[in-house]
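What follows is chain A paired twice: with chain B in the first complex and chain C in the second.
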Partner chain A sequence: MAEVKLKEVTKKFGDFTAVNRMNLEARDGEFVVLVGPSGCGKTTTLRMIAGLEEVTEGEIYIGGRLVNDVPPKDRDIAMVFQNYALYPHMDVYNNMAFGLKLRKVPKKEIDRRVREAAELLGIADKLKAKPRELSGGQRQRVAVGRAIVRNPKVFLFDEPLSNLDAKLRVRMRAELAELHQRLKTTSIYVTHDQVEAMTLGYRVAVMKDGVVQQYEAPQTIYDHPANMFVAGFIGSPPMNFLQARLVEEDGKLHVQGKGFKLLIPEDKVTDEVRSYVGREVVFGIRPEDLRTLETVTEEQEGASFPGKVRVREPLGDELIVYADCAGDEVIAKLDPHLHIDPGQEITLVAAMERMHLFDPETEQAII
Partner chain B sequence: MRKTRVHWLYLAPALFFLTMYLIYPSIRTIILSFYGPRSQNFVGFHNYITAFTSPSMLVAFRNNLLWVLVFTFFNVGLGLVLAVLLDRVRYEVLVKSIVFLPMAISYVAAGVIWKFMYAYRPTYAAQIGLLNAIVVALGGKPIGWLIERPWINNLALIAVGVWVWTGFCTVVISAAYKGIPKEMLEAARIDGANEWQVFWRITIPYLKSTLAMVTTTMIVFVLKVFDIVYIMTNGAYDTEVIANRMYKEMFLYQNYGLASAIAVVLFVLIVPFSLINIRRFRAQEAVR
Partner chain C sequence: MRWRRRLSRLPLHLFLLTVALVWLIPTLGLFVSSFRPKQDLYSSGWWTLITHPSQARFTLENYRRVLLREGMGRAFLNSFIITVPTTILTLGVAALAAYALAWMEFRGRQLLLVLVVGLIVVPLQLSLIPILRIYQTLGLNGTFLGVWLAHTGFGLPFMIYLLRNFFAALPSELFESAFIDGASHFTAFTRLLLPLSVPVLASAAVFQFLWVWNDLLVALVFLGGYEQVAPLPLKLALLVGSRGQDWHLLTAAAFVSMIVPMGVFLSLQRYFVRGILAGALKG
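Moving on, here comes the complex of A and B:
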């Protein structure tokens, strides 16, 4: 086991910078998730850690050793690929044993480790099967098995679940989490799926355009997104952003937009926030932090604003409402048992203690 | 049922041409092979005995075997090496085009070109052949490329065949090589394989069916080798091959019986390889 450290790592493909001065540290035994939209550089980062891509600038350390010029086979890592990358001409047993055979591990030991891994992954009865005879989920298990029999310092996962159907994905996700709890091997996991990122990662690095936007525990990222990109990327449906202006009345700060004027809670007001008085800001509120007036028990002065329902999406456990608020679209996640029809006028109440405020130019969070 | 009768109607044109141009000539050839030079008197297996015992035919058999082994080995081997190496360079398309270019030339032209390349003059004369010019320039004695038997001249002829066909093998194997998922090779590298191990333990097994197809195709082709030998030596100095022998018996000596017998022998030699190819093709279709 080992920690992984990236120091000012840059990767360029010709003129295109895929990864820009990236710093990242995965502690020993930590499960780190790189998440971001396609083309954000997350897979390139993983491939550089694996040694499949050369580092243009910067340094990568695995277990304290600088590995920039170490070929993949000598980095003591294992990687699970999106399309499994199994060897089609070998049966399951040999797919898993291949790496051990190359390392001249004694036959008995190979046999013990392969059977143990197969048992752990529930594919013990498939050892003689060729990859083409297996289902997607089984193939993914073989790919994971191939990684764990080697007992490497680091596991690298490149979107391992995205080829599976939705149901299986949820199940494999839980299995991977369980596996990590058992093996405690440092893992770096790349995905574009925020649910995978949130559920699996001890820490999550949200990436965009080759730059890490925020690298923190999932809950911190959700509660305190560093900028508008992170705020919009994590959370589903995404956070509402409304153009507004910060105004001061009777010593109290308000965000005032086209159809709303909301009071900022006292404890949120810092000197930095105060410096924005009279300036444009972006008000952010998550759909799940909106309620309708009927469901709010206590008086919420300065927290409500009107809207007109355009579309309603009942999902069973929740009701997504797309409302028109003075020309802006606001998405709210509401109680599914409410009777709300398209065209209806409603009053939305924001949980102002969970509001966000961003600088419209830098897009960085102010609150 | 009506259906069964209708399908014969659809099949009729194909069956007609197949019979006229393939089945009838084959049967006729087999029959002729049991008759004398003028196809008048039945001679039993006499032609076959000649085909398997005459010195010129024995030389032809030996040379065909040499062609099968050397020509096939170098074509498939070079094709594979080029396909794998060219995949890693930027000017791949250009090199592939150059390697493939000889395919576009007729064998007659290829033969003529290489006759010049191999041209031989006695030591005192200026060498007009490129190869001997190089040999002499390096201080060696000119070599009779197409004369020195039995190895140099036969291998020189085979080299021309390889020159023509390597491009084909390269292109076919390259197409299959490009179909290898790159992630699989990367997985092997991470698993601890060096490039040599990746090649032998992952790439080659993955290309197995393509290599087998190219190999059998080359064998079928090379068993019938004719043009290159006919143009360049016409079988002189022990460079005879079966197909050229058949041509001579037929059109030079007008011995229809012996020519037919040789044709049948050649046919029998080729059938197993064609069957392998057909079976493999069917198996691949079944997988799809």
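Moving on, here comes the complex of A and C:
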């Protein structure tokens, strides 16, 4: 086991900078997730850690050792690929044993490790099967098995679940989490799926354009996104962003938009927030932090604003409502048992203690 | 339903059948003629078999004579001595080169590939004389080694091109996974690439085998007209010269030279079709 450390790592492909001065540290035994839209540099980062891409600038350490010039096979890592990358001409047993054989591990030991891993992953009865005879989930298990028999210092996962159907993905996600609980091997996991990121990661690094936007525990990222990109990327449906202006009345700060004027709670007001008085800001509120008047027990002052329902999407456990608020589109996640029809006028109540404010220029969070 | 579909395809099948027949008739004529006695061959055509089946006579004498007395047996052996090592040598070198061009990172790789592809368009006739002069200095003229090297050299550009395209289309993750597993390039080549490339290697082998087997020019130039080392096409050409009137011998000799390529092709044809399509379609 080992910690992984990236120091000012940059990767350039010609003129294009895929990863820009990235710093990242995965502690010993930690499960770290790199998440971001396609082309954000997360896979390139993983491939640099694996040694499949050369680092243009900066340093990568695995277990305290500088590995910039160490070939993949000597980094003591194992990687699970999106398309499994199983050797098609070998059966499951040999797929898992291949790496051990190349490392001249004694036959008995290979046999023990392969059978143990197969048992752990529930593929013990498939050892003689060729990859093409397996289902997607089974193939993915073989790919994981191939990684764990090696007993490496670090696991690298490159979108390992994105080729599976939705149901299987949920199950494999839980299995991977359980596996990590048992093995406690340092893992770095790349995905574009925010749910995978939130559920698997001890810490999550949200990336965009080759830059880490925020690297923290999933709940912290959800509660306190560092900027508008992170706020919009994590959470579904995404956070509402409304153009507004910060105004002061009777010593109290309000955020005022086209169709709303909401009171900012006292405990949120800092000197930095005060410096924005009279200026443009972006008001952010998550759909799940909006309620209708009927479901609010005690009415808060300066927290409600009107809207007209355009579309309703009942999902069974929740009701997504797209409302028009004086020209702004606002998405709200509401109680599914509410009777709300398109065209209806409703009053939305914002949980102002969970509001966000952003600077429209830098897009950085103010609150 | 099934009948209707078959009926609608009937014109197409008839057409294909006709084309196949037209193509096959000369070979069929050759085949029938090779079994007819000399006198019959001069007095009537091979179609006597169809028009007057009762008058048709057959003999194995032509083959016996060609193989035992006219030296076709020796030529047959020579053809093998030339073709088999050449095919192995060409495929071996081409596979290694194609692997390097597809999967190894080195400076000038693209340029090298373009160069190799460019060599395909150079007619081999251009290089016959220069190579012949080099061989003269090296003493390779008239030796099997000389022909092996010449054939290998002429075959390599296309073979490298064919194999590289197939190799490059294999998923890169397979190799990356193998490298992480601890494989060297050589291990990846032998344990991963070769087993996965059987179809294209088989089709490349068929290509090269047939070219070399049917080659007259290269053998004539580098081996000279010597009976002891002449392969089948060369021997056949010599026979035409010395026995131009003896159709019964020529037909039999021609057929002897066709048997092996047909066998090779038929036994490997399922790979052959797959190999030609290599790289054309994904999946």
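The rule is simple: the second predicted complex is superposed on the first by the 367 of 367 C-alpha atoms of A that agree within 3 Å, B and C clash if a C-alpha of one lies under 4 Å from a C-alpha of the other, contacts with A are read in each partner's own complex, and residues count from 1 in each chain.
In the analysis below, contacts are C-beta pairs under 8 Å (C-beta built on N, C-alpha and C of every residue); 3 or more make two chains touch, one makes a residue touch a chain.
Predicted model only: the values in this text are computed from it and were never measured.
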item: Overlay on chain A: chain C relative to chain B, clash or fit; value: clash
item: Contacts of A:L102 with chain B and chain C, given as first, second, both or neither; value: both
item: Partner chain(s) touched by A:F81 [first = chain B, second = chain C, both, neither]; value: both
item: Residues of chain A that lie at the interface with chain B and also at the interface with chain C; value: 50-52, 71-73, 77-79, 81-83, 85, 87-89, 98-99, 102-103, 146, 150
item: Chain A contact footprint on chain C (complex, rising order); value: 171, 173-174, 176-183, 187, 191-192, 195-196
item: Residue ranges of chain B touching chain A (in the complex, touch as defined); value: 181, 183-184, 186-194, 197, 201-202, 205-206, 208
item: Chain A - residues contacting chain B, complex; value: 50-52, 71-73, 75, 77-79, 81-83, 85-89, 98-99, 102-103, 146, 150
item: Chain C contact footprint on chain A (complex, rising order); value: 50-52, 71-73, 77-79, 81-83, 85, 87-89, 98-99, 102-103, 146, 150
